[in-house]
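The next block holds one structure in the form of structure tokens; read it before the comments.
Chain IDs A, B and C follow the sequence of writing; residue 1 opens each chain.
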């Protein structure tokens, strides 16, 4: 029934789902677990506020990857969408201009609808400008060029981008630094994190990207899932230590079990 | 000058960088190139290819990263053909076909080599990791004709290829996408060598896979391409760019030192001002 | 009713297909494999149509810039001309034609390489600005970055054979360790996000309609 080589992975996923779901229900019924502050997410309010005070726009995007939501980074793109929705609500509330540059044409209608609904929810439909939702390209370098051009022309005060990045991450981060925009960037892609840390004011690293939606919503159930994830991480650490010990002692038994 | 360096440092930096990049291209300096153990490992694996061995070659990058990925591919393909190997090219990137055309315009196939017999290009295969899985388990199920529209039945090389079992090794020439998926779809199920031709910034994240043996070897960016050209005695585009690379990296190191000296002097100036105010 | 259309139905569809794709990976059921491949084809088709939508968005935006005579409006004319040229040549002569290949290599290829090359400039200015010994952590980053930079320079082994060895150690030990940590953490985060989507908890991507 199960594909060979994926039995243990399947069992792990089921156990993980069970643990996280248990913590979700526990947080909804009992005490909400305390999770640490994520400075980059807390800084979003400050960034939008800064843009409002300076009378400059906020530039928001969800990174770029050629396979879009069909690929392995769909989760990161959705996380970026959640953050974009939050930013749209803030901009609508504070009256800041929002420019969104999605690199995924298949998400364009969703982005337009999400931003419009955020403005409607804040009672500021007249502040919504569909022309400020700009698709440059789904290709890496044309999109990066579009972002650079928008930075130089519009001179945003805040640059918020969370999602998968490739080589263009340094270009857009540095372009934001050049116009003195407050940059909040985040990616789960390990090869790009270093560039964002070097150039952005605030960075979301790895799993912080996926936790963003839960963190910003402040929903007890969603925060419970982050706590559940940490329990799974503990189990993974214990397993790693056991595997290291058994491998060091010359036994492959644990590794062979995990490869089932 | 220090005011410009503080407020608009990019003006003198970019101007100097432009000069330092252009000059070695116009007048090569012949700076030494040391060959790393990483490149030697890659070379040794390709050197073991025998006549008739089939190599799967994924052209998975776009024109933006040609300066890094292009010379790598050209150097390696020349080596494989010199050893008598055959190559099944394909692309999981929409820009792949154009990169294949550009590559082929720079490589002269050895005498007697013929398209369809010694190499085939399947074109762009959509589907990402699903396409990788299909390609390795049953190649003919994924695609019925090659890049030029010829049916697979009419291509002699394709009669020898049904799945990954018929190949000696896989080479993925990529600027990032799907590199790690090949570990799952090639190395883990078939335990065959997986060689990576990545751009420079992918090297740190590739190190974990090389350490674990999941990637047999990699050629790091244009520097790796230059080293490979030297090892295989076929200097090309990458070697001519290496002088520039060396000068650029030396320039960045000098800038970092200058930046830190300026920062420390500023900090000392501020703390002595504070001391004077306190007094 | 509006909440059902804008929230419940999209969440249901998302959760259903997410479930199918997860099961397709783990279960050796031919029907699921077929469904998974079919979904991939649907996704490719949707993106193909969406590219057209993106093209309409670009055209609309730049026509507005031209009619309003915004800053650099003449560049919008050039962009629309190139867009039309690629479409006409690609459809009229085919992607395999010499004309399209020439356009692709000499316009798109050249411009892509140019933008990629801007990385060299930006890396330099970012290194000058960011690599400062502000505190202990920044100093460690500075020293290790510097050593890796020296080790990566092609001529470094000629100066001292130890530089490449130090660079290799830094890449293989601390860098590889931290890379693994980030990968494992991100993978766990992705699975948790998937669960939140399946249970309908994650509604942030639905925008204002998703909020209570």
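We adopt the following convention: a residue touches a chain if its C-beta (ideal position, glycine included) is under 8 Å from a C-beta of that chain, and two chains touch if they have at least 3 such contacts.
Remember, predicted model here, so these are calculated numbers, not experimental data.
Nearest to the overall CA centre, using the mean of each chain's CA atoms, is chain C.
The chain pair sharing the most C-beta contacts is A-C. For the pair subunit B and subunit C, the distance between mean C-alpha positions equals 18 Å. Here the spacing of subunit A and subunit C, counted between their Cα centres, is 13 Å.
A straight line joining the Cα centres of subunit A and subunit B is 28 Å long. The multi-chain contact residues of subunit C, meaning those touching 2 or more other chains, are 40, 44, 112, 115-116, 123, 125, 127, 129, 131, 179, 183. Counting partner chains per residue, subunit B has residues 10, 62, 64-65, 128, 204-205 touching two or more of them.
Listed for subunit A are residues 70, 139-141, 167, 190, each touching two or more other chains. Interface residues of subunit C, counted against subunit B in their complex, comprise 36-37, 40, 44, 95-96, 101, 104-105, 108-110, 112-113, 115-117, 120-121, 123-125, 127-129, 131-134, 142, 145-146, 149-150, 152-158, 164, 168, 171-172, 175-176, 179-180, 183.
Those residues of subunit A that touch subunit B in the shared complex are 5, 65-67, 70-72, 139-141, 166-167, 178, 190-192.
In the complex of the two chains, the subunit B residues touching subunit C come out as 9-10, 13-14, 17, 21, 31-34, 36-37, 62-67, 97-98, 101-102, 126-128, 130, 134, 148, 203-205, 207-208, 211, 223, 226-227, 242, 245-246, 248-253, 255-256, 258-260, 263-264.
Interface residues of subunit A, counted against subunit C in their complex, comprise 1-4, 6, 9-10, 13, 16-17, 20-21, 24, 68-70, 75-76, 78-79, 81-83, 85-86, 88-89, 104-106, 108-110, 113-122, 131, 133-142, 144-145, 153, 167-168, 170-171, 173-175, 177, 188, 190, 193, 195, 198-199, 205-214, 216-217, 219, 221-222, 225-226, 228-229, 232-233, 236. By the touch criterion stated above, subunit C contacts subunit A in their complex at residues 6, 22, 25-29, 40, 43-44, 46-47, 50-51, 53-54, 57-58, 60-61, 64, 71-72, 111-112, 115-116, 118-119, 122-123, 125-127, 129-131, 179, 181-186, 188-197, 199, 201-211.
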